[in-house]
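Next up: some structures, all given as structure tokens.
Shared between the two complexes below is subunit A, which pairs with subunit B and subunit C, respectively.
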Partner chain A sequence: MLRYFLSRIVMVVPTLLIIIALAFFLMRLAPGGPFDSERALDPEIAKNLRRIYKLDRPLLEQFWLYLQSLAHGDFGPSLHWRDFTVNQLFATALPISVALGTKAMLTAILAGTALGLVGAMSKGGIGPRLVDGAAIFGIVLPVFVVAPLLQLGFGLTLHILPVGGWNDGAWQNQILPVITLALPQIAIVARLMQAALIDALAMPHIRTLRAFGMPGFHITLHALRAAFPPVVSYLGLAAANVLTGSVIVETIFGIPGMGRYFVDGALGRDYTLVMGTVVVVAGAVLLFNLIVDLVLAWLDPRVRYESRS
Partner chain B sequence: MNEPAPMAQLSAAAGALRNWSMLASLSILGLIALLCLIGPLISGHPYDQVYRDYVLVRPSLFAHPDWAEVEEAVSAMARRMHVRIEASRDGEIRHMTLEAAKPIDPRALRAFERSDLFAPARIVASKDEGRRLAIDVPLKRTLFLFGTDANGRDLFTRVLIAGRVSLAVGLLASFVALTIGVAYGAVAGYAGGRIDSLMMRAIEIIYALPFIFFVIVLVMVFGRHFVLIFAAIGAVEWLDMARIVRGQTLSIKQRDFVAAAEALGATTPAILWRHVIPNASGPIIAYLTVLVPRVILLESFVSFLGLGVQEPLTSWGVLIADGARNIQGSIHLLIFPALFLGATLGALQTLGDGFRAHGLRSR
Partner chain C sequence: MSKGFGRHRRAFQCFLRGAAFFLAVNGLGLETNSGVAGGAPQPMIWHRGELGDPGSLDPHKATTLIESNILDELFEGLVTLNARGEIIPGAAASWTVDPTGTVYDFRLRPDARWSNGNRVTAEDFVFAFRRLMAPVTGAPYANILYTLKNAERINKGELPLEALGARALNETTLEITLEHPAPYFISQLPHLTAKPLHRKSIEAFGSDFVHPAHIVTNGPFMLEEFTPNDRVVMVKNPYYYDAAHVALDEEVFYSLEDRSAGLRRFMAGEIQSYDDVPVEQIGFVRSHLAEAFKVTPNLGSYFYAFDTRYKPFDDKRVRQALAMAIDREFLAERIWGGTMDAGYSFVPPGIPSYGTPATVAWKDSDPFEREDEAKKLLAEAGFGPRGQKLEVEIRFNNSENHRATAVAIADMWKVLGIETRLLATDATTHYAFLREKPPFDVARSGWFADYPDAQNFLFLGQSDNQALNAASFRNKTYDSMMHEAQVEASPERRRAILHEAEALLLDEQPYLVLLTYRSRNLVSPKLKGWEANVLDNHPGRYISIAP
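After this line comes the complex of A and B, so read on.
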């Protein structure tokens, strides 16, 4: 297990490095700079600005400097919000996005598993078809359609929940964003869970348990363990999807999280801010995939033995 | 000479079409594509025509203006021209009588021309030295099936134009992804060994980057031109295609007909082009039906954030973003583009599910 763990960790570092390099050089290829505005700056001032932010150095040197500061955990100054460093912006934005993301993921896993379980148990009935049908809705209704509809329904018509804003993380403000983020993932998890459970319930060891006259609850637990691997291996992708969705959700609901900063940074050519978000997001996805791999190895011994040979 | 015909896989897919849900999806797709193609030509509105008198009009099956709108417009006109207007209510031509204290300048009647409700006015009779004018004002009939947006543009035409953009981006970006993915996968699979594992490692690395961030960085680089958006999207969506083609190539290259082609002295590119890729076509087509909706969704996503297609050109994502901003009071701005996008995505998804189920069975 330890060996497997180490072999996965060793992969992460070069991957992250390559992603940073890719994003860094791509950004610098883009025409236009962070100091472009409607009124052209005095050339003298522009020159000074470029010097202060070290944008006049050779590109490779800039990259090296950036890596060095990253190694110290410093994302550099924001070029757009010039009174803040990227670290200061992230200090408020990251906890918000993490709170939203984890709640959405937990909701998706719990609700998806429950739905899939119900669908698989009502075999032969309309259960499985209902779950499959609902899953299509998760695909057909993208996040940016669901969000305004929820705002209209619960906020503007029923006046139960606030339409937007963060309000220091009050629970009323979190409900709609979390549901919006979780819905498509619930649909996919439910569908995967149902398919995996139907397969698992047909396995020989479950039949043996049935033959022994085990209680239904027991059998379900065993079937769940066998059904989890395909669902767990999807969770890595789900995390990436939730991160992507959070860009939209944070924009629509006016939540000051990482996604908002990314979009604003991209529109304003804020090199350091966009780089910072890419690094954090890629790091988060890699970390989550690592966790998923470990859970898979724990659930299914074949995975760790295979990697040894 | 036991080369399996790719046609066999295709006919299996055709057999799958007998399934009613797939047939329904295909008809929906065809209908939407046809509407988008010819709809803007017959809707009677250019997609960027602004009707200032018809801002945020609700969807309706009847042509505008109705009597209430005419009355409102006439009273507004009377205020502006400092006259009293009496309008009769009959048929296509409105007979109106204008009364004022001073003689009325006929040039003031241009106001009718400038309005979106009326055609140019014609003076029938002039009494009291021009203080009383009898005029004929034909109505200009305009139909807004889906209503209009906040700028007074016809939503029906815009949804269909947006459909053209979204579908075009979907197809072209998928084509870009197809080209890169098939080439990459076939080369990796056929080369094998260290080259293969190196190329697959590269894919794993790009996988870790959330696509949307990559697309946005690429759109920043390329600029927000319509043609370049699908290049950016295609450039990130080829990964799965490459994996699938590589897997197929690995198994196809062990078949006898490849060995025969090698023995007969065929070059590697010729073997890939003539033997490997055609035999991998079944899974490639099946995956394309998954790829196209993903690409359309990604384009809407980027456009929704304002980083994609730029005004006055539009795409479903742009229209939905517009609808989300005007959701209070004008929900039709959200419903119609969302309906078209949803129907397209759902149909493609159903089609893809069916193709994959049947494609896997036939292999």
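After this line comes the complex of A and C, so read on.
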């Protein structure tokens, strides 16, 4: 298991480096720069600004400087939020996105598993079709429709929850964003779980357990263990995605999370901010892939065995 | 059957009880939030929604409208603006100008204080002006105050900071020398580039002086919190000389970049004002929030720039023809839902020192006559049924309203036999394109006043204004008029020259003026002291909130 873990971790560093290099040079291909806005700057002033931020240096030198500061854990100064370093921005935004994302993922896992279970267990009845229907509804309904509807319903009509704002993370302000983030995930988890469980329930070892007269609850547990791998594979990527923030949810609800930095950074050509978000997201994806690999290896000994041979 | 029903009923009752508990808890939560339950007097807080997020609270790094709105609350220049947007004395109680119109003596208020109790001195202004011009600061808008003597050369590193035309005669007297007479100088002074700075805190903390823990301000408010993409919290400055008349205890700016969500938060009472509305929901806003919706003229122009360097737009007749064919009232009313005015002048109306702006000669002529005239002009230029086919590409920064405007204009031009293509890019790409100036046909542009003066619009046509002359317009007569106006000390003669220049610009049409902006605010009837004005500037100093 340890060797399996180490072999996975060794791959992380070169992968991350390639991603950083690609992002760095692709970003510079985009037309315009961080100082382009509706009110064009005096050319001399713009030149001076580029010098101050070392953007006048050759691109390769800039890349080398960036790697050096990154090696010290320094993402550099933000070019748009000029009073902050990218590290300072992330120090406030990342915990917020992680807090919301974790709650949304936990909701998705619990509700999705429960729904999938209900769908799979109700044999041949209307159950699976209901779950399928609800799930498709959850998947196709875009976040930018769900979020305003929730605001209208709970905020403006019922007056029981705030329409938006973060309010230092008060729980009232978290409910609607968490629901919005969780809904599509619930739908996907439910569908995956239902399909995997239906397969698992038809497996020979479950049939054997039934033949031995095991109680239904035990059989379900065994079936769940067999059904989890595809769900876990999906959850890894979904978690990396949800935990690093959603720009739409954050913009509509006015939440100061990570998601907005992707889009704001890219549109405003805030090079350091974009690079920072790329590193964080790439890091999260690699981390969750690693976790998924480990969980899969734990759930299914064949994974460990195959990788060793 | 009955058993099953009973089970369901219990579950339902359980759900109801849960829901009731949830509502009770929430109800309490909201009540405490809005301050109904408390015994002690509740602080008066203005929850203010703004489109956009401040990038910096350093007056020398700030550039956008929202940054300017916040900095106006934190810092007070020599002069400031009242609720109607008029200039009133600020940190300076009075000033005198010498007969040449180039030397100003400002006498500071003896009771002007920083938020730490220090006196605001003439030296603080000298320090701030020098920092603004120092090349190492990299102030993006330093050029607005190139009116100060030697400022431009200092900013370009050709002269030392000490050469700047600003010096402290004593603790409360500031002498400012200008490069040339500039009757608009006083109107430049409320701008964020002309704020004083607390020298000691900047020397102690460097560029970190802006952080809430360090920042020292001299305006009606002090900074308590700045969370990007969330809010800026400001509290009343007890040392402000007029603090006795500041009713607000706190002012909170919320960054609301989704207009529809902003509208919903306004309707829920979470914010008491919002400085924009979603244009696509304008009908709803007008019918449901008529009392709160304030649409008033704003000092901003919306126009298209022709690339006057190349064929066919180097020909004045083509530019005029295209300008005449446009139904501006349709654009203002139908595309922009009445949140814009039809634009027939380059300088928007509403600048006191300029009066009524010049307008295009054909403003009031019959639309059909205009169309015939446009066709005639095009034919003379060699286009039309018996000439070449004219193809035009409109470039614009992507947004629904800009697109709808361009589509409508393409349709209006079709009558002249013109084939129009649309090209949308993201805003940064668009503005970088205008800066680099590869050949183009027509590009969307716009301008908002830095300070209320006609020169601040008309300089967009000056050939030496490399950065902002999007049309690359070159006209010697125009340039010499603008330079004449720049050194003219008499306000009346200056106004006459500028009017003449505007008439020339409108005749030449390097910029196809389409619309003038109107500000569109949602203002709760509870918010007292909020007054509409052309600068769309609303200082918290005059605001109070009715219970």
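The definition used in the following text is that the second predicted complex is superposed on the first by the 297 of 309 C-alpha atoms of A that agree within 3 Å, B and C clash if a C-alpha of one lies under 4 Å from a C-alpha of the other, contacts with A are read in each partner's own complex, and residues count from 1 in each chain.
Just so we're on the same page, a contact is a pair of C-beta atoms (placed from the backbone, for glycine too) under 8 Å apart; a residue touches a chain by one contact, two chains touch by 3 or more.
Please read all numbers here as calculations on a predicted model, not as lab measurements.
Per the definitions stated earlier, placing subunit B and subunit C onto a shared subunit A by superposition produces a clash between them. Of the two partner chains, subunit B is the only one that A:15 touches; subunit C does not reach it.
In the superposition on chain A, contact is made by A:136 with subunit B only, not with subunit C. In the superposition on chain A, A:151 contacts both subunit B and subunit C. Using the contact criterion defined above for the overlaid structures, shared-chain residue A:113 touches neither subunit B nor subunit C, since it reaches no partner.
When the shared chain is aligned, subunit B comes close enough to touch A:282, but subunit C does not. Shared-chain residue A:251: touches subunit B and subunit C both.
When the two complexes are overlaid on their common chain A, residue A:85 makes contact with neither subunit B nor subunit C.
In the superposed model, A:267 lies in contact with both subunit B and subunit C.
Of the two partner chains, subunit C is the only one touched by A:172; subunit B is not. In the superposition on chain A, the residues of subunit A touched by subunit B in one structure and by subunit C in the other are 30-31, 148, 151-152, 156, 251-252, 267, 269. By the touch criterion given at the top, residues 22-23, 26-27, 29-30, 33, 53, 55-58, 61, 63-64, 135-136, 138-140, 142-143, 155-156, 207, 210-211, 226-231, 254-258, 260-261, 264-265, 267-268, 270, 425-429, 431-435, 446-447, 466-468 of subunit C touch subunit A in their complex. Those residues of subunit A lying in contact with subunit C across their complex are 30-33, 35-46, 48-49, 52, 80-84, 89, 92-93, 148, 151-152, 155-156, 159-167, 170, 172, 250-257, 260-261, 264, 267-269. Across the interface of their complex, subunit B is touched by residues 11, 14-16, 18-19, 22-23, 26-27, 29-31, 136, 139-142, 144-145, 147-149, 151-152, 156, 240, 243-244, 247-248, 251-252, 262-263, 266-267, 269, 274, 277-278, 281-282, 285-286, 289 of subunit A. For subunit B in complex with subunit A, the touching residues are 204-205, 208-213, 216-218, 220-221, 223, 293, 297, 300-301, 304-307, 317, 320-321, 323-324, 327-328, 331, 334, 338, 341-343, 345-346, 349-350.
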